[in-house]
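Presented sequentially are two complexes of chain A, the first with chain B as partner and the second with chain C.
Let's look at the complex of A and B:
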């Protein structure tokens, strides 16, 4: 009885998570003749492929570094210093998190692009003939990446600092260590697991990043854009081989970052007082910190403001002026009144909603197997739950596209590509790690004797689940659900591979509007998506 | 033991290489309160979890009124359980906690039953209080009320008083004892404190390393310990080496012989473990020579630790009978002797 549900779960995860990726890898070892390694070797011989892979790797590493350079000092400032506005600013600093990748990218385009606000202002002020720069290539990608990924370092470092017992640094002080030595020998080593986790997250996100290279890349090609191009051009064998290589690099990165950060968390060994923030007393320093804080917040908020501003611009209403000459709410009215315009929004919401419900159900099941029943397979289950995370979204999309384009029910394959099922299913698979991670962690914090108490009072398993377990882990369910919903609603990378005209989500429509140079419409969709995401996050973080 | 109600037969549970319960057998009469007493790691909590059904035994059986329960799930056993940290549902009120096991009853009947048991634990009118707003003692009583509400056939308590402060502990102990006897419920509880075991339990089972060392009422355990472990774990006692003599006395030093109560298997001439209680030791002109190392005062009486050639003996005597550093001689009116256990 016990063993069977665990086995079913492992079977299900193997089918939906491992099997598609295995198909991709196996297929890349095959051509019309049979088994071969020729295409894989061919990849190495092809300079354009090779340089795309190298681009992917170095841009990801550079993104990790630049995100760390912004995020870590910022976390120290907000955790250790007290200055006016610290609380509000501390919350604002997490704002990039509510911008879905593609929306963030177009906001940057409107703001820093060659015909964006900043370029226009500089052109005007310096009386130039043309834009002083073009937002293109590696630099542009890196800029977007550091904007959206420093949040990982900021949040993880703050969480780590909050957990470090002040008695540890005080112990170091009482042993006579000077300030910097304490930082180097006590604080940093204690933060290592958090920093490692943030670095890994930034690396994997960059490696799988598609929106920024797709919009800004120009001639600068990375693996994700190559895979999608191959797939959209109908060259499936090439897409599979490229996906295999990218997956291999992702796996290598995962192993190396894990090795660096170690798996043990050392920061929570004792319970005690968290360090208090030091109040800055000197007026000048106080003003300095406050000004820098607000300037930084303004910089972070600029993309959001830009997006809102552009969303009020009518078609062709912004050509040469610094600011658009006319504003209208027509974009929003069109969006809400034309069925074909509303459809992508509705698609995104229902598909994200369905995938979120599915992934929460799975996460409850998995958490019960891992935490409460302690099945022997729990290690296996936990690893399987993390697999989609180790695989870039493009690879996953290509894998699902391959797996579900063949009708072979006896080996668990059906034709789902082109149906309404495939996108919610893809969102579901992508969100398995984040939702299950939250719910498993949530259930771990619950005293196991609570469900035993329910059982000893005669409660059935279902009653225990609904009356005890679910209410107790509600915060974890909400948080995991909100993250899953936001990721799914704003998804671009899997959608671009798997959408059909009827099931096109908002991101695809944004791209369409952008291509038609209907900037206002694109921005309006972006604003709606931004508010939907923000609303979901508010629900998800409520206690 | 006539008319055993709950019968545990040869219960064994292993966790990997560790044997947490080793062939344990117990018989408990209806309405009896049994204490499982043992140091930490003795397997007493495992025993309780096996009874509750949270763990499945590797072998052995649990019978209630002659019916085998071993395969039943916890929810089917109708055993009430009070957890060490109470395990009250934090998202429910006190009353909702108590009513949790009453889902078979109508709302009206459930409310009546809740009021009844809350009255029993002296918390009438606390139904709508948040669990977190209750004191430790109140939480403990809500946990007891919750376990009792569905009229369980057996009540299991895991260290029921360990989370209360010492002053509250004694009062709660008395109230709990009264309540258990009033309902007449068959009860098994786990504790590592002998005082608690003796005060609450009709019968005490002493556990060590997954085995039952001895079962009996408090005076029996104290006066007739079955082995050295029970003798030293139940009540205070010191131990030293000796040799059994033919006259039934035990020789503990050159020319020093004490009255002894030999345990089963002790033969004359054998090397034995000698265990003496402080109240059986006294200072005098003869006996083992030693030096007072420390004194612990306890009202009019005091416990003296006496160093007798490297072994420490604890002697109970009047406060002024000796002081630290004095050379004394110690003799015993009675000592237990046990077959020497391999160290």
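Let's look at the complex of A and C:
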């Protein structure tokens, strides 16, 4: 009986996770006549394809490095030093996480773009003829990536540091080890799993990143924008082969990062306490740290503030002035009163909600299988759950669009393109690794004897699940659910391929507002999305 | 537990709430025409047809083509309103359109009628050289295509990202076509486009950003369709245009019913309305579209129409050639020319 549910799960995951990608790969080797390698040869022989692929890889690696350089020291400062405002600043620093990709990019455009606030102010102060810089190309993409992705390193490192037993470092200290050596030989190895996870997350996110290269890329092409261009140009074979290559690179990255971080965390079995933060006693240093901390937080909050400011700008209300000259709440009134304007917001929320509930259900199921099963299927299920990592959003969207545009129920394909089902389904698949990762980890930490006790007292399986398991892993469920919800509600890459009039989400409406140069409206949508994400995060991190 | 059930129930209720409309029949239109035209068209058509709920999605004409193609098995759009007729010809060749001969079919010239009645042009869109009229006078602006390559415009040109834009594709197509006519090959056309790329400061991703960059003088000139420039300048924006002296493509801006629509009758009624005398006059007067109909009395047309018609030099376009080779040219451009051009010497 148990065996069978495991097999069903494996079958389901193969169908929804592996099958669409397999279809993309196979289709890229087929044309009207049959099997062909023409697109493959076309790709291999095309230098610009290689340069786009290389751009994707190096910009992702560079994003990982720059995000780490910002995030890790920040985590140490907030975890190890005590200074005024530490708690509130520590929370503020995580705020880039509530800016969905497209919204973040737009905020950067308003702020640092050629006619953004900062450029305008500098032009005015220095009395220049034109903006001192252009927010374009690899540099701009890197800037946005490091801004939005250092949060991974920051949060993961802090979580890791909080778990490190101070007795370990103290032992090293009493053995005469100098400070840096302790860091290198003790702290860093203990942090390796967290750093590996953060690096993987950052790498995969930048590899699949579409909004930043789409808006700021200019002549700088990466694989994701390439795929969309090929599809737009009607060259579906090229789009498919490009998707295949990007998926291959992502898979390679997944394997390599996993190898680096090791499969299991370093076992730390002790009952010591995490080190307490050291209070900075010297007044000057104390004030210095506080000032720098607040300035940094202000810098991190600038995009949010910009967004809020622009959301009060009326249509056509900001062209050549440094700051917009007039402000109005008309955008919000329109947004709330016109049903057609409100609909995208509602769409995003219900589609993200449905996909989150689905993915949590799946994660509970998968977690039970993994935790209970002794060998064999466990590894298979865990690998399958991780596959969507290796699939950038653009590729996943193209894959689902291809798979679900054919009516062939006997091979598990239905026509779902153009229905309300396809977008929630896409969000669901994208969020499988995040939600399942959290829930599996949560379930691993609880003692199986508790549910066994419930069972021996005669509770049915469902009852045990609802009354014992779910309450015990509630924090993990909430955290996984919140992440899944936020990702789905702010999604742009998959939505832009799969939306319909009925299901168009907020991100598409933001793009539409930008198309009409309705900056205020675009920003107003962004602000609402920001608050929805923040609310989900608050729920998700409640312990 | 009960909370979760309540949540699920709430979601289900909301899904049903979303899927039920207000009882009117929805008519979905994919169009690159922009909010100005579409919003007014929606109001007027809905006023005349109270049982219809017009819903439009505004996107580039190449985007429309891509969406209609990906939704082939389950079409979401009923009408495709706007875009160069060569794009419609390709869509017709891929069996994406439903043949329909509108009631006004005989009022438009032969060139506006698509083969097999699959699409008909309702507007004519001359392509122009547009410029910021605060920074330049009409006399200072480039007068012809080749003038745009002159050194003084280096880094002053902004161009709408041509991949998603039928308008830009037509201009690029004209350059390639001229090259083929003059030398029998595409070499000089490619060289021209490379030099244009060298002059170009940026490729904004949508028309509104393009207009804003011109208005804010991030760039001074662009190549674009006439209607948008007139609409913007009627709103007081500092934009003006030049009709290129050597001739310019006039895009046959078409409309078609999407194959597989479940609202065939209403879709056809909408197409009939768009080409009606009232709708053509509305489009000319309010949103600066040049009507395709030749039977409109001259005194009912706004002055700008007569002005443009008297100065316009039409470039003969081989739209079939463009439909055939356009995608390959654009592909080549995107991969080998974009961002690689040397500035004018």
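Assume the second predicted complex is superposed on the first by the 532 of 543 C-alpha atoms of A that agree within 3 Å, B and C clash if a C-alpha of one lies under 4 Å from a C-alpha of the other, contacts with A are read in each partner's own complex, and residues count from 1 in each chain.
Note that in this section contacts are C-beta pairs under 8 Å (C-beta built on N, C-alpha and C of every residue); 3 or more make two chains touch, one makes a residue touch a chain.
Note that the coordinates shown come from a computational prediction; the quantities given were computed from them, not determined experimentally.
With chain A as the common reference, chain B sits beside chain C without any clash. Once the two complexes are overlaid on the shared chain, A:449 sits against chain B while remaining clear of chain C. Once the two complexes are laid over each other on the shared chain, residue contacts for A:378 go to neither chain B nor chain C. In the superposition on chain A, A:145 makes contact with neither chain B nor chain C.
Of the two partner chains, neither chain B nor chain C is touched by A:430. When both complexes are overlaid on chain A, the residue A:458 reaches chain B alone and has no touch with chain C. Contacts of A:468 after superposition: chain B is touched, whereas chain C is not reached. In the superposition on chain A, contact is made by A:114 with chain C only, not with chain B. More residues of chain A lie in contact with C than with the other chain of the pair chain B and chain C. Between the C-alpha centres of chain B and chain C, as viewed from that of chain A, the superposed structures give an angle of 150°, to the nearest 10. Superposition on chain A places chain B within reach of chain C only down to 13 Å, the least C-alpha distance between them. Touching of chain A by both chain B and chain C, each in its own complex, is seen for no residue at all.
Of all residues in chain B, those touching chain A in their complex are 52-54, 73-81, 83-85, 87-91, 100-101, 103-104, 146-147, 150, 156.
Interface of chain A with chain C (complex): residues 46, 48-49, 114-115, 130-131, 134, 136, 214-215, 218-220, 229, 231-235, 238, 316, 319-320, 340, 343, 346-347, 350, 353-354, 357, 401, 405-407, 415, 417-420, 466, 497, 500-502, 504, 512, 514-517.
Those residues of chain C that touch chain A in the complex are listed here as 1, 7-8, 11, 14-15, 18-19, 26, 28, 34-35, 55, 57-59, 62-63, 65-66, 69-76, 90, 163-164, 202-203, 205-209, 211-212, 215-216, 218, 235, 327, 330-331, 334-336, 338-340.
Remark: chain A residues 447, 449-450, 452-460, 463, 467-468, 471-472 touch chain B in the complex.
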